[in-house]
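Following this message is one structure expressed as C-alpha cells.
Letters A, B, C and D name the chains as they come in the text, with residue numbers starting at 1 for each one.
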C-alpha cells in the first residue's frame, strides 16, 4: 500500500545562507524526500512556501495522505487561508508530521490550542533520543536510543497538550530533557511531532532520522475509521 | 480555601424568550451562581455578553481563578480580543468549565483545535449520565448514574481531542451516547467540559448538576504547579 | 504482510448446551476464525482449553503474533503456568484481543491490575455500538454506529485502567452504557478489548463484528518498536 | 482537611548497613514522615516489614487514606495475603505513593500488570528532575527543574503502562532519561510513582523531595467519586 506524501518546506534558509545550503543543497525537503524514497512505499512530492498557494492548493491537499512540515523563519508568511485548508484536511483524515521548528507553525499551534513554546539553544551538542514506548510502530527498527552528534537543544517545558502517545524523550548535554516524539489525534487525522532537524546540522541525512520519518508517515497514513457526520438527527430508537 | 469564580453567560435567550425566562428569570448565570454559593467555598461573580468587554476585562480575568462558560446563539458576538485574553489566562493557569452549547464557543474551539461539532436533537427526553471514572473528584458525592428527565440530546461523534480524563458518558432515549464529562489540560490551565444544560429545561436547578459544577470548579481551581519559562537558555551542565 | 493468529476458545458451552451448539456448531473459535479468513491477510490456527497446555505451548505462542481470547465459565481452569507464558509473550510484543466474557480471564486481569468487574444482564436486547474515535484503524470500514439485535448487556462501571484509546461506546435498551472497544499497551504488546459476543447470540456471525475483529488483529499484530533491555548499565556519557 | 497517611518502609538496610544508618538513623520512614509533618495537613503513622502483618492489618489499612511504599531487598518477604489486602484497598479508593526501588514491589507490579523493570547504576551522580506538566498539583511550589546532587541512575525503558499523567522526567549525567513522576488510576484509587530515593543518599532529607511527597499524598488522598457496584442488574428503562 503506497502512501501519497507531500513534503513541505519553507525553503528560505537554504537559499539565503551558505552554511545551510552546503548541508542541504537542494533544500531540506529534498533530503526528507530522499529518505522516504529510500524506505519505499511512498509516492512523494514536495511543496515550498514561495510557490503559488505555497504548493498546497485544495487539489494538492486532496491528493495528499500525509503532509510533513518544516518551517522556521517565515511562519507568518503562510497564508491563513492555506492554514484553514490544511486544518480541514487533517480533521478529515490527512496525516501530519511536524518537524523541529515547525512547533511554532500556524498549523501546529492551531491544532494544539496552546503556545507550543519551549526552551532552546543553538550549540551543536549531542542529543540522545530514547524510545519510551517500545510498542509503537514509529519506533520500529530503532535501538533503545540513538545519538545525534550535533543538534540544537530544545528543553522543557514544551507547551503542548498532553500527547496521546509519548514515543521519544531526548537528553541534551546541557542538562535538559524534551518530549521529542509525540502523537496526537485530531478529528480523523493523526499527527506526529518529531523534534530533531535544525537547518545548520545534517540531521535529515542521518539514517535513523530517515527511519523515524518513514515510520511516522506510514503510521499517519494508515486508513482511518469512519467519516463522522454532524447536526440534527432523528432518533434511532422509538421514543416512549 | 476559597476559589474565585466568574460565571459567564451569553444572557440573550432569557431576555428574548418567555419560555426560557420562566425557567431562568435572572439568567442561567444566576442559577449556576446560586448552586455554587450553596455548596460553599467559592467567591462568585458573574459576567455577561452585553456588558462592556463582555464583563471580562484583563483586571476581571486576573482575579478569576475559574471561569464557567455558557453561550449558544451569539458565539460570534464574542470579541476576538477577549477570546485572546481568556486563552492567555487559561494557559497561565485559570480553570475553565465549559457548559453544554459552549462546545461551539470561540474559546473552547481555540483550546481544542478541532471543530467541536456533534449531533443534536431538541426533544426533551431522558438523559442518563454514567460515571465512568469513579476515582475522579468531579464525581464526588454522586451515585453511579443520575437522570435528567428532560434534556436536549447530544450524540457522538463529538469532535474533540481525546480527553485527558473521561468522567461521564451519557445515554439518551433515542439510541445515542455522548462523552459528557471530559477534562483537558492546556498550559497550566485545567478545562472541564460538561454536557447538560439546554436553556429550555431546568437543568441548572438540578441538585446533582449543581454538585458536578461545584466539584468541577473546585478541581479546576486547584493550585497548579510551576510557571514555565521559555526562550534561549544557557546550559545547566558544563559542556564537554 | 500476513499476521499469524491463534484463536483461543474455552469451548465448553458449545459442547454442553444445545442452544449454544445450534449457533456455533463448530465452536465460537470456528466462527471467529472463519471471519478472519474471509477478510484475508491472516494465517489462522485455533486452540482450546481442553487440549494439552490449552493448546498454548511455548512453541505455539512463539509462533503466534496475535492471540484472541474467549472464555466464560472456566477461567479458573486455565493453568497459572500458561497464563505466565501468555503474559510474558504479550510484554514481549504479542498482540492480544480479548472478547466479551474474557474480561474476567486470568490473563486480562493480570495485565490490567484491576478487578475487571462490570454490570450485566442476559436479556437479548439491542446493543448500539458507537465509534468515538473515527481516526482509529480498528474502526475502519464501519459506519458511525451499528446495531446488534440481540446481546447480553454489560454496563458501567467497567473496572479497568483508563484505556489508552477509547474506540467504541455501547448503548443498551435498558438505559446502560459501556466502553466497549478499548486499547491498552503493555510492554511491547498491544491489547484490544471488544465487548460483544455472548454465546447464546449469533454475534460472531455478524459481518461488522468480524470486521472489527479483523481490524483489531491487524492493529495488534503491527510490528512493534524496539526490544528494551534492563539491568545495570555503564554510562553513555563521560562522568565529570 | 487532614489526610491519614501510613508511611511503609522495608527498614532492613538501615539496621544492617552503617552507611545507610548514618543517613537515616531512624529509618527512611522517619525521614519521610518528618517531611510530611513539616508540611502539615497529615496524620502520619508508619509501618515496617518486620512488624506483625508488616504493620498493615485490615484495621490499619481501613484507617489509611494514603499509603507510601519504600522497599528494596526484601520484596519477596511481603506476604501475598497482605498484598491482596493492599490491592483491594487501592481499588476501593486508598491512595498509593510508590517510591524509588518500590517499582519492583509486589503491590506495584500487581497494579501495573507489567514487569516494571528498568536500567540502573549506583554511581551517586547528579539527577535533574524536570516538570513536564506545569498544571499538576504534584508540581506545586517547585521550580521548573531541581537537582539532586547524588542519586542512583534509573534509565528507560521503564516497563510500566503508559502513565495517565506524566509529571516529571529525569536527566542523568551518564546520558539517560527517565519518566520519574507518573500517575495511574486503578479502581477508585490514585497511584503516584516517584523515582528518587536510594538508601545511600540523603534524598529524603531534601526539602523539594519532601514537597513532592507531600503534594503527592495530598493529591492521592483527595476524596474520590462514587463507589461502583457490579453484577446482575435489572433494566433502568422499560424494555420494548
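Definition applied: a residue touches a chain if its C-beta (ideal position, glycine included) is under 8 Å from a C-beta of that chain, and two chains touch if they have at least 3 such contacts.
These numbers were taken from a predicted model, which means no experiment stands behind them.
To find the repeat of B-D among A-C, C-D or A-B, check which pair has over half of the same contact pairs by residue number; it is A-C. For the touching copies subunit A and subunit D, the fraction of interface residue numbers used by both exceeds half; the interface is of the same-residue type. The greater number of contacting C-beta pairs, out of the two interfaces B-C and A-C, is seen for A-C. Of all chains, the one whose CA centroid is most distant from that of subunit A is D.
In whole angstrom, the spacing between the mean C-alpha positions of subunit A and subunit C is 33. The distance from the centre of subunit B to the centre of subunit C, each centre being the mean of the chain's C-alpha atoms, comes to 36 Å. The set of subunit B residues touching two or more other chains comprises 128, 131, 133-134, 144-145, 155-157, 162, 164-165, 173, 175-176, 185-187, 228-229, 236-237, 240.
In the complex of the two chains, the subunit D residues touching subunit B come out as 93, 126, 128, 131, 133-145, 164-165, 167, 173, 185-190, 222-229, 236-237.
Chain contact summary for the complex, subunit C toward subunit B: residues 128, 130-134, 144-145, 155-158, 162, 165-166, 169-172, 175-177, 179, 238, 240.
Taken together, the subunit D residues at the contact with subunit C in this complex read 91, 110-115, 117-121, 123, 125, 153, 155-157, 159, 161-162, 164, 173-176, 184-187, 228-237, 239-240.
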